[in-house]
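Heads up, the next two complexes both have subunit A, just with different partners, subunit B and then subunit C.
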Partner chain A sequence: MSEIFSSELTMSKNGFLFDHGSGLTYTLNTTGQLIFNLLESGKKSTQILEKLMTEFDVTEDTARKDLDDFYRQLKELGLIDQ
Partner chain B sequence: MEKKSYVKPTIVRHSIGVMNKYGRPPATVPMSRLAGFSVKELVGQYGSPLYVLEVDQLRQQYRNLFRAFSTRYPATRVAYSYKTNYLKAICSILHSEGAWAEVVSGFEYDIARNLEMPGDKIIFNGPYKTREELTRAFTEGAMVNLDNYDEIQVCEGLADDLGKKLPVGVRVNMDLNNPPWHKFGFNIEAGHAYEAVKRIQTGGKLDVRGLHIHVGTYVDDVNIYAAAARGLVSFYTYIKEQLGVKLEYWDMGGGYASHNTLNWAWQSAEYTCPTVDQYAEVICPILLNGPFGSGDAPKLFIEPGRALVDEPISMITTVVAQKRLPGGKRGVIVDAGMNVLSSVQWYNYNFQTVQDSGVTVEDTILYGGLCMNIDVLRQSAALPPVRRGEHLVIPHVGAYNLSQSWQFIYLRPAVIAVDDGKIHVIKARETRDYVQQMEQVPEDFQTYRSESRK
Partner chain C sequence: MRLNVAVTGLHAADNPAPGIGVIRCLHHPEKWDGKIIGLAYDALDTGIYDEGLLDHAYLIPYPNSGSQALLDRLLYIHEQRHIDVIIPTLDSELPVFQKLEPALRASGIATFIPPKPVTDLISKANLAELCKDEDIPFPETRIIRDPAELMDAVNEIGFPLMIKGIYYEAYTCNSASDVLQHFDQLRLKWGLPVILQKKIESEEFDICCVCDRDSELLGAVPIRKTRLTDKGKAWAAVTLKNKRLLELSARILKQVHWTGPCEVEILKDVKTGRYNLIEINPRFPAWIYLCTGADQNLPKMVVELALGKKPAALEPAKSGICFVRHAIDLVCPLEYIENLTTLGELHYSPDNKH
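This part shows the complex of A and B:
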């Protein structure tokens, strides 16, 4: 398990996420799933940004803004600490 | 290698109670076209926000309502409640379908006359009518429904001036809803309505020819109309017996609901909003049992507003920003504010995405673009991810939002009408000149006074 998440999380192939600590469940869309997997494998946020830009038709501005929002959301949901 | 198309990343916590089996389907099916045109192109040409009227739908709303009532009560006339939306093009379309005008002020009366509605196809209601306005209305043969004793007195004076007995209607109210609508006219249960009719008849200068009741607005309980109709029938029976009044018309007012969900409603309008046939089915048979022979029935007037114009008009808005609120909820800001969508006070509008954004929805608070904390268009909507520059369409915004709009910090949007594949601008977007055209700056205000200006 990666260091980054605050508790043990398991994600199914179609984006269903289970939090073993709280018992809460979540759904991630495909982009969310990709980012989650990258975070889990220990990638840094700059690497994740690059990956989004090579994989998808998206500008750096948009990708950066969306990533920031996604991290904020993970934090608000209590899934990551920093 | 070709890149995949991009969707904003989302994660949504599953929770109980946010959506339930009664909820609307989430707005994830993109609505890229409106009235046969690409939403993007409409915005490109006419700006955002933008009101879009579908003319054919407006005509259908009218025809359907008229059919529902006139097939059950042949002597039915529909008088369109101007205050709901008095854009000239909209009133003209409804008049071309046969609607009379129902007006509640001298200003609205003047709009109707300016559209060449003859006076005898105008119903003049409202609690405040000036002597000049009443003179014009009586002279031109309009139907005037009286609201209070002061008005009775003014009209008696007018009858003297004009040298003839004037036909009038009397506005009545009953204890039908909670809180009751007692503002308009004279109360029946308290005996005020009887006193008023008696006072008018004995005065000898006016003659009561009609009764008018307006039970409320967005009344989605047909039983209220049934009770109102029963009340009118028994009141008519009584004043006919006691005072020899013979009615030429009764007027059931407006209030028929449209397909919008009220803020406090548990179920959405799709489930709760009665059809026009359901309204007509409770009202007409009761009225037809009134104290008159067959072929002698008073004319029935109805004064629908929102039931006609709410649904044929949509608004296109554009997302200008989004933010994450403390607590994790997403906030989305659009370019239209509550100044052009005043009915957000009552309605949980449906915000429909235009572009394909995937199927994952997130609980979102929708803010208007005004620099005011209260400018919230919807507290909670299940929306898929959207980005700055993308559009949201809000259906069913035709009632009250235009006539009650106020100009504040932005110019108000254009209104276009789509008719048979053709686009007509029926109200251009405002300009600064238009907004300021009644203003003056006295010369003296601009002359140099203060040392601090150096």
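This part shows the complex of A and C:
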């Protein structure tokens, strides 16, 4: 379990995310799945941005917007503390 | 050693009793080696007709018939079948089994249930006071024993609030008129006291627990209900890995000196993150079969504890295991119902004691 998350989370290969602490489930799109996997493997924001740009062929601004949006949703759902 | 276990609470309708789930646990992962004896209150208790679950079914008198009537019937069944352990599964029958526990033990029938002083402590009327004394987090609560106290208590708690009957039923109230309507309804139906409780925006968790005679938590399966019936009963749920729920359950059960199985209900306040105890149900929950998927067979552990064994505490329950309840129609010959109605017993297994 990555230290960034406030609870133990498991994602299936289809992007179905299970929070072991609360029992809640979420469905992630491909961008969310990639970001989640990178966060879980301990990658920093700059590394995630680079990966998003190369994987989806998007500008840094678009990648940053997607990443910020993902962080915001994780925070709203109580899945990360910071 | 082949053991004969008798289980009550066989009616699995829209508000299912836990007995069938308990029996399915005993048959997991392989058919129970001894006999399973179903103790039913009515010839149409549904679980009797789920062939393969029971070896024998017997009607027993309702708890309000008194403890002697139940004892006489249980001793008759014991003479016929030899009962090693009884697992009662209904709240309403617990007082009479507590009263009969010494007589059953003297006859060689073991049980593993919480003692009466402990279940009195955690009754709806006493739980708030107990939590206050023991520093257990609990929503703000007032116990209304006199209608003259009602509106002062409402003003102290504020809206929204929950109003609860002493035994069953709970309603959300958003105004004084809601309170007055439900107060009269609950008072007339269940008597006083009536309970007022601050309603908190929350997530509900339930933990099925088993404690030994030293009130040590030996097994615990926490769940989140993912689908409810219109009566608020679980129709689907998932098991959790949640250290805070387990630590709070262990602490509470130790503080109240619990023995036996129970279902602890906890609400997490979504604003503050605080976990509040809501209720302790002094028996297995109806969803108990889920525990087998989580690698914690708690009914089998209760059989061992009833027989005086000292099983080790189980590894934490496996999380991410789900159940979905499913209603099916059972088909049987009229003879089955005839046997129970006229003779009060039905036998699926050969007529031997062991």
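Simple rule for what comes next: the second predicted complex is superposed on the first by the 82 of 82 C-alpha atoms of A that agree within 3 Å, B and C clash if a C-alpha of one lies under 4 Å from a C-alpha of the other, contacts with A are read in each partner's own complex, and residues count from 1 in each chain.
Everything that follows uses one rule, which is that contacts are C-beta pairs under 8 Å (C-beta built on N, C-alpha and C of every residue); 3 or more make two chains touch, one makes a residue touch a chain.
Note that the structure is a prediction, hence the values are computed from the model and not measured.
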Subunit B and subunit C placed together on subunit A: clash or fit? fit
After superposition on A, vertex subunit A (C-alpha centre) with arms to subunit B and subunit C, in degrees to the nearest 10, comes to 90
Worksheet item: Who does A:32 touch here: subunit B (first), subunit C (second), both, or neither?
Response: first
Item to complete: Could you say whether A:74 touches subunit B, subunit C, both of them, or neither, answering first, second, both or neither?
Response: first
Winner on subunit A touched-residue count between subunit B and subunit C: chain B
Worksheet entry | Which of subunit B and subunit C A:8 touches, first, second, both or neither | second
Taking the superposition on A as described, I'd like to know which of subunit B and subunit C A:24 touches: first, second, both or neither. both
Distance floor for C-alpha atoms, subunit B against subunit C, superposed on A, in Å, equals 8
In subunit A, both subunit B and subunit C touch residues 24
Per the touch rule, the subunit A residues reaching subunit B in their complex are 17, 24-32, 34-36, 52, 54-58, 62-63, 66-67, 69-70, 72-74, 76-77, 79
The residues of subunit B that touch subunit A in their complex are 3-14, 322, 324, 326-328, 330, 358-360, 385, 387
As the complex stands, subunit A meets subunit C at residues 8, 10, 18, 20-24
The answer for subunit C against subunit A in the complex is residues 203, 205, 223-224, 226, 237-242, 319-320
